[in-house]
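The data blocks that follow each hold one structure.
Look at the two complexes coming up: subunit A is in both, with subunit B in one and subunit C in the other.
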Partner chain A sequence: MLNYTFHWRPALNALPDMLSGALVSLQIAVLSMVIGVIFAIFLALGRQSNNKLFYGFSTGWVELARNTPALFQVYMTYFGLGSFGIQLDSYVALLAGIAFNNAGYLAETFRGGLRAIPHTQTRAARSLGMSAPQAFRLIVLPQMFRVVFYPMSNQMVWALLMTSLGVTVGLNTDLTGVTQDLNVRTFRTFEYFAIAAVIYYLLAKLITISSRLFAWRLFRY
Partner chain B sequence: MFETSLTWNDILFLLQGAGTTLAITFWAVLGGTVLGMLFGLVRASAPWWLNLPVGFVLDILRSVPLLIQFVLANSFKSILKLNMSAFTVGCVVLALYTAAYCAEIVRGGILAVPPTTRRAARSLGMTYTQDLTNIVFPIALRVALPSWIGLTLGVMKDTALVLWIGIVELLRASQIIVTRIQEPLFVLSIAGLIYFLMSFPIARLGARLEKRWREND
Partner chain C sequence: MIELKDVRKSFGSLEVLKGVSLTVQKGEVLSVIGGSGSGKSTMLMCINGLEPIQGGQILVDGTDVHARGTDLNKLRRKIGIVFQQWNAFPHLTVLENVMLAPRKVLGKSKREAEEIAVKQLTHVGLGEKLKVYPSKLSGGQQQRMAIARALAMSPDYMLFDEVTSALDPQLVGEVLDTLKMLSEEGMTMILVTHEIRFARDVSDRVAFFHKGLIHEIGTPEQVIGNPQKPETIEFLKSVL
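The block that comes next holds the complex of A and B.
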């Protein structure tokens, strides 16, 4: 019935290439997360701001990021920005797209986190003589990160899975890109992509487990 | 400045793509919700020998990129020589993916029903099924519906990935037009606007529902 012989050997031989691709995927995920968190903090502040311009800008970003597909956002940074004379290569475009998406989702998470911190904390910090930025940075942010740590680690897994979109804009150094390159050379689609799936699964687990360990170490008391 | 070679037909083509997007979303969410309720029930109350394997498979569906799942399913279809269209493959994969998330939502909803409420129902003489349909589901629905709306919107956005296995949905349609008229920003913006219009009102509705129901608790 099964008129197909699986050839796992060549696929397994390509494992070193795929693992180095996985490293690139992980790198993009981490970078996009770092950029995303930084922007998300400002966006979360902007969503609470009284400044109309700041509020409008952040709301626009957040709603756009949350209500359009991630793939669309990557297309926008890759194909769309060209109209403004900004030519990004596929690595940067993918990174920018995912960072944009991350920032939008994390901003909402952070907003919820900020709301969970009592106002009295800020007031206490201010009355101890801290400046407003100091109070935010030293008192509010650390407490917020504790609240949002779990959703953040979820977003990190999401970021990793989103890196697979790079192949649609011609990136061939990340895990999916490497796999696709091997695929068009040999047409052993199933074998190669099955191995890629296993690697992605392990990476996702690695992120989940290490963030658990990290949280356990970080938030002991 | 606003000269464009985008024709009326192109807009219709985009809307057709949007129709395909909605069709895939519909089947995926329908299948995913039915399966997800089943899996969610298993995850919430089945013995460990059933619970663990089901949980493991669902975890895999959630931890492997959807793009890879589409490619795998498509090539597996060719290996088995199944006579399925790419559309069907897309719907099936997306339905399973939806089910994986829906199961967690349903599980959360069921576990949110206090055990004492269920015991009270049983001691009033209700059967297990009666308890499930008349007590657990109505209460669980309130917890689960906002997340379920979010999931539906998420699936709608994830349908964009089926372009990789050769289905012309909204994003692919816009890409085809871009290839012809070479105005990526403009055409992509229209596609984005359509996505936004399909997603944003429902997202707002979900947020409002969540807020309102929380007030009544």
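The block that comes next holds the complex of A and C.
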């Protein structure tokens, strides 16, 4: 029945290329998290703001990011913005798409995290003469990050896996892109994608384990 | 000098302060006693602007706390407050808890702030606990840390909001000792408390709060020793 012969050697020869692709994937994931976290803080604040515009904007973002496919979001940053004359290159479009998705999901995580910090903490900070932004930045945020740390590392794994969507907007330097190029040239689909899957798996594990180490180092209290 | 003039404060339709007038002179220790929900704690929150007021006026050294143009962040530097729930910052060590505001609010250098913090923490008997996180401290120690944290801003006034109410009985003494020490050093203090005997001991004056009003105010001998109004007599009977 099985008339497919595995050819692992040429696939393994391509490993260095695939690993440098993996680095690009990891880079996009990290950048999209950094950008996503920054936006998520503002969105989380917007979600509890009394300012209608700020609230509406934040809620719209969160709803869209959480309730539409990530593929659609990446398409919109590439083809969607493209049809309005804003032509991002594949790398930037993918990064923007994933950052958008991260921000939406993290905003809700952060909102929950903020609720876990008692209001009396802010009150104590303000009573010492800190301004509202100071109290938020120095007292509330650091405590929130502890609460949301594990959900955040989860999102980081998601971000890494979402980078594989880059291939749909013509990115060929990340792990999936490199793999797809090799596949098109050789038609050894199974071998290449199996190796890619193993690399993704190991990277995801690496993220989980290193975030545990981080948490252990950061949150001594 | 802290002056309250006919201060009114409501939470929704519930009026908590119904026209409170009061003056606290520099160097004076005023204890505020009264039943739960009588408005004592709310009054403290209004004095440093943590709660808005609906009527009247509060002046601290002549500055109208609730006037539009008042810089509350600046005003609060000279009014320290310590809460019933000590509100330690759990993510910072004891030393960092006390250093933070001098650094970020007063703009002191790291070394200056550390000097101040060590001095204040030693003062309240926590000199050995500098590098420890608050979660490793007892309630009494956390409360003393909160006092040191407020003192590190070198305030002119200190407000204490039932600072021993949430403590285990055996830890109350150490915090009261700290308060006593401060009063002996001449700190101006408003002390909302349920510790009647302590109030009698350290205060220059005692005010009895009942249903949002001051019913009696005077020396401890007058208010606690020889109360005139039936509400005061009843309250003292129930707590002593």
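Assume the second predicted complex is superposed on the first by the 220 of 221 C-alpha atoms of A that agree within 3 Å, B and C clash if a C-alpha of one lies under 4 Å from a C-alpha of the other, contacts with A are read in each partner's own complex, and residues count from 1 in each chain.
Just so we're on the same page, contacts are C-beta pairs under 8 Å (C-beta built on N, C-alpha and C of every residue); 3 or more make two chains touch, one makes a residue touch a chain.
If you're wondering where the values come from, they're calculated on a predicted model, not measured in any experiment.
Asker: Put the two structures on top of each other at subunit A: do subunit B and subunit C fit, or clash?
Answerer: fit
Asker: Touching A:201 in the superposition: subunit B (first), subunit C (second), both, neither?
Answerer: After superposition on chain A, A:201 lies in contact with subunit B alone.
Asker: For A:138, is the partner it touches subunit B (first), subunit C (second), both, or none of the two (neither)?
Answerer: A:138 sits against subunit C, while subunit B stays out of touch.
Asker: Touch test for A:49: subunit B only (first), subunit C only (second), both, or neither?
Answerer: neither
Asker: Contacts for A:82 in the overlay, against subunit B (first) and subunit C (second): which applies, first, second, both or neither?
Answerer: Touch status of A:82: first partner only.
Asker: For A:176, decide between first (touching subunit B), second (touching subunit C), both and neither.
Answerer: A:176: touches subunit B, not subunit C.
Asker: Measure off the angle at the C-alpha centre of subunit A toward the C-alpha centres of subunit B and subunit C in the combined model, and quote it in steps of 10°.
Answerer: 110
Asker: Looking at A:164, would you say it contacts subunit B, subunit C, both, or neither? Reply first, second, both or neither.
Answerer: It touches subunit B, and subunit C stays clear.
Asker: When the two structures are laid over each other on chain A, which of subunit B and subunit C touches more residues of subunit A?
Answerer: Tallying touched residues of subunit A, the top partner is B.
Asker: In the overlaid three-chain picture, find the nearest pair of C-alpha atoms across subunit B and subunit C and give that distance in Å.
Answerer: Once the two complexes are overlaid, subunit B and subunit C approach no closer than 26 Å between C-alpha atoms.
Asker: Tell me, which parts of subunit B touch subunit A in their complex?
Answerer: 60, 63-69, 71-72, 74-76, 79-81, 153, 157-161, 163-164, 171, 175, 178, 183-186, 188-189, 191-192, 195-196, 199-200, 203
Asker: In their complex, what parts of subunit A are in touch with subunit C?
Answerer: Counting only subunit A, the residues touching subunit C are 120-121, 123-131, 134, 138-139, 142-143, 146, 219-221.
Asker: Of all residues in subunit A, which touch subunit B in the complex?
Answerer: 2-4, 63-64, 66-72, 75-76, 79-84, 157, 161-165, 167-168, 176, 189-190, 193-194, 196-197, 200-201, 204-205
Asker: Report the residues of subunit C in contact with subunit A in the complex, numbered from low to high.
Answerer: So the residues of subunit C touching subunit A come out as 48, 50, 73-74, 76-77, 80-81, 83, 85, 87, 89-92, 100-101, 104-106, 133-135, 146, 149-150, 153.
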